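The data blocks that follow each hold one structure.
Next come two complexes built around subunit A: one with subunit B, the other with subunit C.
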Partner chain A sequence: MLINKRRMQLTHLERIHAIKWLANYKSLASMLIIFVIASMTSHYFFTWENMVNIVRQASMIGIIALGVHFVVLLGMFDLSVGSVLVISGTVIMASQNVFGTDIFLSMILGVVTGCIVGFLNGFIIAYGRVPSFITTIAAMFIFRSLALWYGSGGALNGNYIRYTELGHGSTWGIPNLVFPLIVVAVSAHIILTKTLLGRYIYALGQNPMAASLSGAPTRWIVITAFAISGTAAGMGAVFETSRLNSISTSTSGIFYELDVMSAIVIGGSNLKGGKGSILGTVCGVLMLTMISNYMNLQNVSPYLQGILKGILVLVILYRKSRKG
Partner chain B sequence: MSNAVTELNKTQTKERNWLKYLWEQYSVLFALIVLIIFASILSEHFLSITNITNVLRQVSIVGILSLGMTFVIILGGIDLSVGSVLAMSGTVVMASQVTYSTSIPVSIVLGLMCGLIIGLINGLMVTYGKITAFIATLAMMTIARSIALFYADAGAISGLNSTYAKIGNAYVFGIPIPVIIFVIMVFLSYIVLEKTVYGRHVYAVGGNAQAARLSAISVFRVTIISYMICGFTAAVGSIIETSRLNSISTSTSGNMYELDAIAAVIIGGASLSGGRGRILGTLFGVLILGVLSNTMNLLNISPYLQGVVKGLIIVAAVLLQKRD
Partner chain C sequence: MLLQLNNLTKSYFGVTVLDHVNFDLKQGEVHAILGQNGAGKSTLVKLISGVEEPDNGEIYLDGNLVRIPSTLEAQRLGISTIYQETALVPNMTIAENIFLGREPKLFGLFTHYSKMKREAKKILKQLGYSFHPTTLVRDLSISEQQTVAIAKAISRQCRIMIMDEPTASLTEQECDRLFRMIETFKSEGVGIIYITHRLKEVQGICDRVTILRDGQHVITREAKGFNEKEIITYIVGKELSHYFPPVPIEVGEELMRVVGLGKRNQFTDIDFTLHEGEILGFAGLADSGGSELANALFGRVRTDEGSIYWRNEKVEFRSPRQAIHHRFGLVDRDRAKAGMFSDMPVSRNLTISGLRRLNKWQFINEQKEQSKALDAVLQLDIKMIDPEQEIKFLSGGNQQKVMFGRWLVADSDLYILNEPTCGIDIGAKSELYVVIHELVQEGKGMIVISSDLSELIGLCTRILVMHEGRIVDQILHEFATEERILSAASGLQS
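And now, the complex of A and B:
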């Protein structure tokens, strides 16, 4: 009897697992479909240079999306990532330029800045019980303004040419930026699937009340998720500054939060929390990048692309809501 | 002193409740009064008629937008598309005047229709499409902005008819017309929200949608009408914006207006989870934001730092509300 019951539970678990894998494959499958269609209809799409190009373009939004993914799993938003990127970038450029710190240290400073901002966001949300939407909108105002104020609304340029090697250079024909992206994606996947923190994050996203009743340290989970999101935005700042060797305090990172949110939604995450995988988010980012790359190749006006992307997000969400 | 206060509390609970009521309902008004007192002490120019007219004129556009936003937020929704709707309606107004040489009233009606239609689409997406308001209006923000950018190739459209510019620039009895429109809109929204059945329904749906549905309120209809009101106010804002300069810049007009509008509504005491908020609160919230940026300008504080103050005030406002 007991064995029977256990077996039934097992099959049930397996079924859930299979469904989860299918859901993952769905975003992967749609990405492959887009890939095949684009390769067939455009001569230039499936060339090595263009592939490298797509991956390079995707790396920026990708790294930020991996961080925001944690917050979305909690059923919250982080709208401040664009501004975190700009303040971290400002710290990196200013430390190189004004204080002459070396490249490595300045990068660490930038990432730490992002982490601190994320921590502050999480702290206000967890202990002040301010909705994440409002907190991160306020953070968006605050840190953009600080960067604008420091840079007088202009751009800050770096001192070291060598720094741009990270953003421009490639190793074995693969852009350098891809390597940190893969490392972050794999570690995010491991954190979410194999660690206690990951389990807690899914639990809190699915049912906050149940999670807190079963003794999960809810406040620290929220703070950690936002710190991760901020750290990822800090890494995004390293990517952005190393590509251009400069940061524009007025335009860098503007509307990144929107691209990131669309990528996560397209990747199959549920905005109410508790559902979504790293693989899905990576596929979502690649899908968005491929679509805009393909439309660029086909000479579609960039303004029309905005319309099409918006409609794409709506159609995906509409289909999802029909299903359940 | 504290003894006396407790005595008073014990004996005159009625009065204490009344004071508490006054504080809860009008704490925003007190904040505004304190702010005005500080402003007039810090700068002698603040209380001059010219400056006050100036403040009122500056806040009129975002003020009108936040009136519509109040409806949507009380409903428990959010509309991020208002800034883009403003740009799109403005494009419709200007394009119909310039390209199709329609008369001024017809072009205004077309612009208002444009706002209403986008609001209708937003409402349909949220109700029948069951898409989260946040993400549906985010997509609409991209779409509406892209349509405007696409039409005008990201440039500006300038009007030919100088009579139209009078709406934004002329005075009646020494009061700028935008301010008069703003006051009329405040009055109308106050009547609609506080004195009509529909307004009560908005509060009911925002407070508890399930209960509202069970008491035979058509939740869908109330929601759709609220989003249409929000789109309509955005269109009214666009008419002031376009007539002020007799042109619309498709790339910059209305950028970030949604955030200012949301900030004003939140400062005004509305709760993002719905069911709470007043038109007068929103009005005071708008004025607080306007007086703040005006004072900072008068005191020669870098305009870039205004975002910091705005962000801090939003968080502080929400934190203070939670204490009630």
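And now, the complex of A and C:
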């Protein structure tokens, strides 16, 4: 009797849950605030064309950030995503030219390349016990250099002209690239909240020693997270190449890793690992994009926009350090 | 009166944790504060040491009303706190730690290293230790680190010293040395607030005792003639009839056999068997190899030689994961570092090791998970408001119950318990003993490594005593005495 009563007590606590639920949506709230302010102060901001524009701009950093999110949850870094993007893009373009592969096969090859590079990163980090920061910086240099060498520092073009319809076209008024982005975001959310892997990733990010002692397959988790991050960067390469049907081995993907990290931090993830949601990261990406879009509309020099991004990241990390 | 606290009240989020508590401390006195986890001891310490400020009430120092808004102010007033986990910088030397923030300066600019070393050496000598002041703190044992923390307090000319469970991780000899130090401080007129779970120490070194229960002051009395049973009654609020459940004598079939297990520099020639329904204790002084053995059995470290048979089958674990698949469970001595996911809810902390049985195609069956977690909560009587509450908000005893519950959910057959009751109160302790008892009655095997001799004697079917990495004595429950264990553990053959 007593036990049953206690059981009932413990299962009927929706009110507390509701409060927690709201607290989890802080980044969504901040995004909405920015959105409202921008809409009120700029006439063009809240128009369908501009909304489509923002979403299209956000899709590139967005898709990569969704992958890197897994790595950040472990308390690690993936600084190689920009270079993974360029090497995957090179594979997409080169495979068409050299082997004459179909565009779909080329895209798959590009994504697989990203996955393999991520896997290698993860393998070295998990088994070689090299810090992720170092490993991925090394990968950043190596794969950028490989792409530059292959493309002699210039651009590589594809030969399937209708490829740009993917990057520029729309379906039902919505940019094509948004659909894969939504699919990836939803799957990432499901993986992190509903599966064993997701649970283990949070556990490992919070307390690696306890995770190992609780039976989490720690090395496998690290490798998988990096493989996911690499795969996402490979998909980023598809996004990038489909815009101009080409990849620039010297400029594509430069600084993407930093944009991605800022978006994730702004989205509320903890760089020490163990905390952060996909919704937060998506909001972080949208916030960054909206801000730079808004500044473009207000004729702020694009050269100055880095300042605001920097300040934003600082403010958020400062608030976190005060709290923690 | 050195320190006087009047009607201190403090609440967090509407929960009153200290309710009009009075307390006073004389010069040259050791005043013990006793109480269960959550009774308000730590909060009281926080108020005195300036970590938190009271909502209500006054603090008088030498009869003057003072406010202690920060730890810095507390230090200025001569109040030093020595915590369970010492707040030292592991990568700095002893001398640097002692003088951290107050380094003697050369020309007011550079650190005067030679002077710092000299001073540090002097203080350490005063405490009866002869470490080299340039040793790195991370190379010291826990008790040695504590000594450095005490040295730090002394160098600040402290007048009130708060010791929060100083003996929790010390061996008997180290305790004796600490008590001698305390005697010296007393004679110098330092007032000591002493927080402990070990009742025996109260008689030995304390002058007065204050007992708190549920945030309220229960009694303050002379320690002399205040016997353990009475103290327990005051702490718990009711008479504790069965401190230990009956020791299991009837044992079942052999569960585990260890033959010639060894790891260089840690333990050698370990042979023992464990049966179903048996509680096997490992006693030994610090660094006698018990913890290392526990880690080796659980696959946390590889062994150099010997073999482990589990249900007559040879097993070799390369990771804790494999051990868990064979239904082993380990409760580590350091639950903060090696056990808890402090930002995760209680329920997820409970189920993390049992997820293998709670998923379908890698997807977690949340309903089943919740129900398993709830079962464990109810079986262990874990006190919390909601299974989705983060574990960090629970008291130490309840956190430890969650660490046990993890293996309940994982349905383990062997429990390796390394200092399972370290730093938790008597109430929670005896509840855990009952849990252990229930589990062995179901035929589980228990290995208990503990430095608390009365716990081993009260709990274990058999006790193996380790000394310098070897098993030197095996004692059946009916022959177990503290004297026999101690003499074997210190290398004197009985």
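Heads up, the rule we're going with is that the second predicted complex is superposed on the first by the 301 of 324 C-alpha atoms of A that agree within 3 Å, B and C clash if a C-alpha of one lies under 4 Å from a C-alpha of the other, contacts with A are read in each partner's own complex, and residues count from 1 in each chain.
FYI, contacts are C-beta pairs under 8 Å (C-beta built on N, C-alpha and C of every residue); 3 or more make two chains touch, one makes a residue touch a chain.
None of the values given here were measured: they were computed from a predicted structure.
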| item | value |
| --- | --- |
| Touching partner for A:131 - first (subunit B), second (subunit C), both, neither | first |
| First (subunit B), second (subunit C), both or neither touched by A:314 | first |
| Which of subunit B and subunit C A:199 touches, first, second, both or neither | second |
| Dominant toucher of subunit A (residue count), subunit B or subunit C | B |
| First, second, both or neither for A:46, with subunit B first and subunit C second | neither |
| Touched partner set for A:144, first subunit B, second subunit C, both or neither | first |
| Shared subunit A contacts, counted only where both subunit B and subunit C touch the same residue | none |
| In the complex with subunit A, residue positions of subunit C that touch it | 298, 300, 319-321, 324-325, 330, 332, 337-344, 348, 352-353, 355-356, 359, 362-364, 366, 374, 377-378, 385-388, 406, 410 |
| Of all residues in subunit A, those that touch subunit B in their complex | 77, 124, 128-131, 133-135, 137-142, 144-146, 148-149, 152-153, 258, 261-262, 265, 271-272, 301, 303-307, 309-311, 313-314, 317-318, 321-322 |
| Residues of subunit B that touch subunit A when the two form their complex | 78, 125, 129-132, 134-136, 138-143, 145-147, 149-150, 153-154, 259, 262-263, 266, 272-273, 302, 304-308, 310-312, 314-315, 318-319, 322 |
| Of subunit A, residues touching subunit C in the complex | 3, 6-7, 10-11, 13, 16-17, 20, 194-197, 199, 202-203, 206-207, 209-217, 274-275 |
